[in-house]
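One chain, chain A, links the two complexes that follow: it is found with chain B in the first and with chain C in the second.
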Partner chain A sequence: MEKIKIDATNKTPRIELDHEAGLLKIEGRSIPENSFEFYKPVMSWLDEYSKSPNASTLCTFKFEYFNTSSSKCILDIFRKLEQIHQEGSAVVISWYYDEDDEDMQETGEDYKNIIKVPFKVIPNN
Partner chain B sequence: MEETEKKTVFEHESQILVRSREILNNESTVDYKQPYIDLTNSYESLLNDIKLLTSVSDRLQKKHNQTNERLREINEEFSQQAEEIKAIHEALQTKNAEITARIEELKATKNDLTLARIRKRATSIIVVVAIILLVLTELFDRFVMEGSSWASKILLIILIKPLDNFIMERLKRKEFAQVNISST
Partner chain C sequence: MVNLHKYYFEMVQENILVLFKGYVTPDLLSAILEIAEQKLEELGEAKRIQKKVYNVLVEAFQNAYNHVDEIQNQLYKNSVILSVGRDEDFYYVMTGNCMYANRAPKLKSNIEEINGLSKEELKERYMSVMANEGFSDKGGAGLGLMDLIRKSGKPLEYNFTPINQEYSYFSLCVKIPVQES
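== the complex of A and B ==
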């Protein structure tokens, strides 16, 4: 599986997917015109990754802001990670938020409550 | 969200609905129990997702609204500051016009004073020159003409005014030339 790197724009986040390192990283602002199309490569990569996942997978999410359709795509990504975790691979999700961004912290807590995967909500320093 | 966006983002949920409808429309299906359990589970999952997404969306909208509110406040502050700057600018323009008028007045006063000083000097020079010329004409009349002549006195009186003008002009030129040199 090839590594995927997508640079950030003022509307879309930076994405890094690395099978060898067992790494999934999404950070920035997510307000794409079509969220489904934008996150499609991530979902496809996860479909492929779930067939032979690493022993441990580290997932980092560091959002500045995202729209409602992105929040659905993020949830779908979490569901996929949940499935990988249920199939026996260790998955850890780290949700970073700006120290003074209470809303992003609460959003992380909401996802944490619904997803059955070790989920850390961490303030950015 | 756009209509197309809804279709794509909820692709998985749409597929569940299509599958359920197919089962309902299939007359040969006798046992609805398992499909009903699957549909209930999917509905539960969807309901949880909707609750979460609504909560997240509300929070994002709140954040958006707060940002808009802050932008409106900043805009109002800028408008107020722009009004204040405009008022200060207008006051400065008025003050500037007053200062310019005052400078013009001072220049005119200085010119008047300079002219008065020149007039005084010119008058002094004319008096001295007139006395000298009077003495000279008197001496000329007495020793050369051997008698008093009114003609030389009248000539002297006629000459005083052009002489005065000439001296005034020379003094003015000299004075204003000095002013120009010192101002540059």
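== the complex of A and C ==
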């Protein structure tokens, strides 16, 4: 599978998807008007990835901001990761937040409560 | 005779940082968000508050933008107002837009309902709507409005003003306390 790298813009996050390394990384701002369109490549990559995932998948989410429609897309990504995990491959999600950003911390905790995957909520230093 | 003093005076009085009226395109919205973000930085507010205000205004402005697009009539499409103000106690993120009058009662009862929820209830509702219900880029089941209450910690202030039989003007104000609660 192809590696995917998408550069950040002032409305969209930097994305890195690497099958060989078992890596999914999303960081920055996610406030596009059309989140579903924006996250489509990530969802298709995950669909493909889930057919033959790496023995372990390390997922990093480090958001500065995101809007409500992105929050739904992020949940869809988590659901996909949950499925990969349930089918027997190790998946770990790390959710980073700025230390003074309680909202981002709380959002991480909220996701953690509904996603059945090892999920760490970690302050940035 | 041209005299903008009336507008100027009102804007000064209400401590308006950003004010826009017209038809909003995605590019324009990006530019407005960028200007608003710069203004917040210039004010030297604590990073935490800056972030909260920016978060709220992204959500509120995109919400207004999404909904006005449903309208066909160009005159009413041009009706969007996006504004940020501040006084000693609060930031005020305000939006206005025309909407179909027959949708107003449902929106009103939705706002009333979520305004009445406790912090915990609101969180549960938000998560369950997000996880279970239909949702699109154009929003869904009031998630954006719930998010505004969750982020600001305050009930939404709103008003519907009938324009004619078909349209109403919807005003929304989200207050964000300047002091940490």
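We take it that the second predicted complex is superposed on the first by the 125 of 125 C-alpha atoms of A that agree within 3 Å, B and C clash if a C-alpha of one lies under 4 Å from a C-alpha of the other, contacts with A are read in each partner's own complex, and residues count from 1 in each chain.
In the analysis below, a contact is a pair of C-beta atoms (placed from the backbone, for glycine too) under 8 Å apart; a residue touches a chain by one contact, two chains touch by 3 or more.
None of the values given here were measured: they were computed from a predicted structure.
Because the two structures share chain A, they can be overlaid on it, and in that overlay chain B clashes with chain C. In the superposed model, A:11 makes contact with chain C only, not with chain B.
Of the two partner chains placed around the shared chain by superposition, chain C is the only one that A:100 touches, whereas chain B remains out of contact.
By the document's definition of touching, neither partner reaches A:52: not chain B, not chain C. In the superposition on chain A, A:125 makes contact with neither chain B nor chain C. Judged by the touch definition given at the top, the superposed model places A:114 against both chain B and chain C.
Annotation: chain A residues 34-37, 65, 67-69, 71-72, 75, 103, 110, 114 touch chain B in one complex and chain C in the other.
Chain C contributes residues 26, 29-30, 33-34, 47-48, 51-52, 54-55, 58-59, 62, 65-66, 123, 127, 130-131, 135-137, 139-140, 143-144, 147, 150-151 to its touches with chain A in the complex. Across the complex, chain C is touched by residues 10-11, 31, 33-37, 65, 67-69, 71-72, 75, 98, 100-103, 110, 113-114 of chain A. Here chain B touches chain A in the complex through residues 1-2, 4-5, 8-12, 48-49, 52-53, 55-57, 59-60, 62-63, going by the rule given at the top.
Partner chain B is touched in their complex by these residues of chain A: 34-37, 65-69, 71-73, 75-76, 103, 106-107, 110-111, 114.
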